[in-house]
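Consider the two complexes below, in which chain A is the common component and chain B and chain C are the respective partners.
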Partner chain A sequence: MSDTASSRLLSGRSLAMAGGLVVVGLLPLAAGASPYMLGLLISSLILAGLGLSWALLGNLGGMVSFGHAAFFGVGSYASALLAAKLGVPVLLAIPLAGGVATLSSLAMLPALRLSGPYFALAILAYAQIFRILATEASWLTGGAAGLQRFPGLPTVFGFNFAERHGSYVLVLGMVVLCALIYVVIRRSYVGIALRAIAESEDATRVVGVNSTLLKTWMLMLSAFIAGMFGALNAHIIGFLEPDYAFSGIWSVMPIIGAVFGGYRSVIGPVFGAVVIYMFDQVIAKSLIPVGHQILLGIVLAGMVLLAPNGLAGLVGRIFSRTGGKHHARA
Partner chain B sequence: MTELILQALFSGVLIGSVYALVALGLALAFGAMRIINLAHGELVLLAAYMAYLVESRTGLEPYAAIPLALAVVSAVSIALFMLVNMIRDHRELNSLILTFAIGIILTNAILLAFASDMRTTTSAFLQDAVSFGDVYAMRGEIIAFALSLVLMGLLWWWLKASWYGRAVRAVSSNRGAAMLMGINPTRIETVSFLVAGALASFAGVALYTMSVVQPAVGHALTVKAFIITVLAGVGSIPGVFLGAVLLGVTEALTVTLASSALQELAGMVLFLMVLFLMPNGLFGARARRG
Partner chain C sequence: MVRSAIASATLALALGVGLPAAQAQEKVVTIGAHMPLTGSLARSGQTFNEGMQVALRMCNAASPKVQVKVDVIDDESTPAKAVSAVEKLASSGSVAIIGGYGSNIVGPASDASDKLGKVYITAGAVSDELTQRGLKTFFRINNNAGYQKGIATLLIDLKPQAVSIIASTKEAPTLLAQGLEKDLAAKGIKVTVHKFDPAITDFKPIINKIKLQDKPDIIMMSAYENDYVGIIRAAKVLKPQVKLMVGTWSLATPKMYTEFPDLMNNVVGTSFLPFPVEVKSEEGRKFAAAYQDMYKKEIEYLATLSFVETTLLCEAIQRAAEAGTLDKGGLADEMRKTDRDTMLGRVQFDQTGDNPNFALSMGQHREGKIVLVSPKAAATGDIAYPAVPW
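Right after this comes the complex of A and B.
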């Protein structure tokens, strides 16, 4: 790829966005956040990564998934097992786990032919099936009792990733990296073609775009990212059981976060996941200990009805009203 | 072993008839508005908890809760319809997310009001065993089965013979043409959601008398209803009934022959197999590809 092409793909604006994310992300460290707070922020960033992978599929691929827990769970088990049983270094096991999640997404290729609700529910079925398989294959996964003895994050060049600050920096870095990948794809030929598919799949096929192939790539990439964050989470938490790794939470929270933040933007799902998770854990849980998700449901319904493009859309609207240039991007 | 299999088949048919009621409600709303109501299972759950409320407070038989369930569930169903109707852009996608959110709200509202304990009827009359040769059922199951058949018959008659029923079919087959014929689609969609709510009310009360309910059941019911519409297509009532019975029997046989842990897996595998191998459903429904 030529220099001009790559500079078009990674414009100054998106690099500034990445830099901004890093700066904002490092603020809690600079402010000396407590280990408890850092733990919450790490979990929220895991969800932010998962939200990015969901939005990638939903926005670019035009496919709503109600089963991202499938990829998340596969990734977490793959990484834990690779590290524990084969002795793969953890930092290598994490991308490999992303690869395993991608492989598992190949089983879903027939679902790509399905539209809207049928695709969404087919993916949900996969998540359920994977959860039950993980429970039943106890020789490999430890079954319902779970998996406990697998390595945590390592220390590299004296930098301890297993410790809260280290984990936080690692997860933050991964989120920023995935956001940049998302930006690059959205600006590329593939992104343009995918946006055209969202407008009219038939018309796009007529001009020679292989829409099924492009959707396949988006599904695989989305699975890869979700799997990596599942793996990261597994090594940070240090414990896995099927009901946790394949929990509906991993399917639901990214949707709420992405819709809240604005799933048509790149920054929206990241910001949305962090805000929604912190709101849920810090505010909702203290108000309503059992059933606190009712507040998330209300937020989700309210956003879809009042601001379907999320906070990012709202901010965009305000800027365009005050005279600033705003280019709506699909 | 033969008796066990016969028993599983029998129980599967009985529970399948209630699944059919749930799925028909989902299919009606889908037919009218082309949206999948992901909160439909929660409507059924709400009715089941109304039955629990009436039974535990008054000591009456659960079926005495039907009027209350009808009132509450229909009201929620109409509110849901009005919310969905507020969506302007990306209707298909946003309505999925919206009804999903309403499902979360309803599940947690029920959790808050009734706690997460499993509930079922305490009525001795409904729990009495009835034998048919080698196979057994609770009286509640038989009543629920009969009720489901009657309701399906009524629905069939309503869709075929009544003005409103025919208008529902007209709107679902061609909205524009129906409008030109002087049918107000919004009014017809409201009626569809009302009838879907009524079916959910009966299904919920019936479910409470023959099975255990807890807040998480709502979501599972939505998924089951969706699986059934995939098996049957949304076209015909007998198709939905057969699809529902197929799902009920598959689940019951899995529990008998393998383990109860695999019950959900069986339904999901059946769902995916039909989706991929027979994309038009077992009984040749309309296409579902984008």
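Right after this comes the complex of A and C.
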């Protein structure tokens, strides 16, 4: 890749965005956040990573998935089993688990022939198949009883990733890394082709783009990212069972986060997931301890009605207006 | 106006003088609890909460010097939120945690509690792995072995030729079905297990298979409330030639008979109380009266479990507080010293934190009443056998 090309893919703005994300992300540590608050942030960042993988598939390739729980669950189990049964170091097991989730996505290739709601429903069915497989393969997965004894995150060079601070830094780093990968792909020629596929697959094929191949790559990458976050979550929580690992929450929450934040942008799914999770758990739960989800529902409905492009779109609109006024004054 | 102002000032002065004296004598200790107050397990969580509140009221009345209060957080039946709840409760000063419902919730939450050095007690998780982790602060009053023992005793006493077990693929029912299969097979009873996905609502195919292939004497349901209703409804339609329908948790309860009177008669489930409630112990009678007073209803299974665990924790806290070891990690030691008769029978905690004495009776629905039919020592009447709901 030429210098010009690489600078186009990872522009100063992208790096500044990544740097900003890291700085904002490290603020809770600097402010001395409690383990409780860090625990909530870790959970929200897991959803943010999953939201990124969902948005990547939806935004680049136009594939709306209702079954990301499949990749998340496969990644969870793969990492736990690799670490527990084969003794693979946890930090190596996590990307390997992403690889296993990628392999599992190959089973979904026939569904790539479908589009729109048909693809969404097909992938939802795949998620159910994997959940049932995890329940029935009790010799490997522990069946319905699940797995409780597998290694947690390790200590590396004196830095304990199992502690809340360590886990937080690791998950934050993973989210930033995945966001950068998303940016690079989005800005590449492949990304342009994928966005064109999302608009009109037939038109893109006419100009010679191998849409099936590109969509396959995106499905595999999305599965890889979702699998890695599933693996991270498994080692942080320390418990796995089929109903939890393949829970519908892992399919629905990333969609909600991405739509709330603005799934068309890279930063939207991250902020969306963090903002709605923290709003629900910190603000809504303190106002209505039991049944606080009603507040979340109201906020979500309001957001969709008032800002269809999500939080990122709303912020962008506010900034552009402010900028416009400054220009007008000048 | 002036007179009322003087009266108010006098009252304020009296309270102001009296309050420090009372505070000096009374120590208030906070415990935390995470329960599924919303979501699919909300009903169980709310009943647990009721039993816990009654236990604290009685415990505080018995020991005015150390008052125990509880902060309850809804864990939404989600492991990550249960862990967050434990961390929040610990950071806000709770000396111990009462756990939620389900091993998938209790596992990670008790792990977090152990890392924070807080005693964790549960009555809602039966997985064997929970007590094999070597946690020093984990305690529970019930376990899979106790449920298994209660059901196996009844089934073996009835001497059936064959038993069909219909088991949910959820964790606790699966464990129970596996254990029962072993116990019954060891006694020469033919056992066939039919697993089903919890999403299933139509049990007619399974019942039909049992009717035509297994031809058992007894159908055993290792499942949950909604499953029992679906299974018995399907059996009522297909009428297999069985002699008894047996189930597990939350089946032999007055609520089930009230809601499904056409399905419950003669069905047997795990229980430790007959209905109308006949409590033999003094503590049980007080619990029943306080529960009636606070919630205007009869005590039930989950509330009793919660009552017992909370009472044991509260008493251990009071002992530790009086010995001055509560702030020095003495609570876990006091918990290990527990050895007392409760409404569940004798409770002790072994090295793993488990209660080795846990065993349940079996109760049979009889025209709106629940008769304890097994084991013989706890029975309040003879079992109706053969007897089915249709």
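Quick note on the criterion: the second predicted complex is superposed on the first by the 294 of 330 C-alpha atoms of A that agree within 3 Å, B and C clash if a C-alpha of one lies under 4 Å from a C-alpha of the other, contacts with A are read in each partner's own complex, and residues count from 1 in each chain.
Definition applied: a contact is a pair of C-beta atoms (placed from the backbone, for glycine too) under 8 Å apart; a residue touches a chain by one contact, two chains touch by 3 or more.
These figures come from a predicted structure and were not determined experimentally.
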Touched partner set for A:V290, first chain B, second chain C, both or neither:
both
Based on the superposed arrangement, let me know which partner A:G173 touches: chain B (first), chain C (second), both, or neither?
neither
Touching partner for A:I132 - first (chain B), second (chain C), both, neither:
both
Which of chain B and chain C A:G19 touches, first, second, both or neither:
neither
Specify the partner with more touching residues on chain A, choosing between chain B and chain C.
B
After superposition on the shared chain, which partner residues are touched by A:L300: those of chain B (first), chain C (second), both, or neither?
first
Which of chain B and chain C A:I249 touches, first, second, both or neither
second
For A:P110, decide between first (touching chain B), second (touching chain C), both and neither.
first
Starting from the residues of chain A touching chain B, keep only those that also touch chain C in the other complex, and list them.
132, 135, 290-291, 293
Given the complex with chain A, which residues does chain B contribute to the contact?
36, 83, 86-90, 92-94, 96-98, 100-105, 108-109, 111-112, 115-116, 219, 223, 226, 230, 261-262, 264-265, 268-269, 271-272, 275-276, 279, 288-290
Sites on chain A touched by chain B in the complex:
58, 64, 66, 110-111, 113-118, 120-122, 124-126, 128-129, 132-133, 135-136, 201, 248, 252, 255-256, 259, 288, 290-294, 296-298, 300-301, 304-305, 308
With touch defined as at the start, can you tell me which chain C residues reach chain A in the complex?
37-38, 73-74, 78-81, 83-84, 87-88, 91, 103-104, 107-108, 111, 127, 129-130, 132-133, 168-171, 173-175, 197-198
Counting only contacts in the complex, chain A reaches chain C at residues 34-36, 39-40, 43, 132, 135, 143-146, 148-149, 164, 233, 237-239, 241-244, 249, 281, 285, 289-291, 293
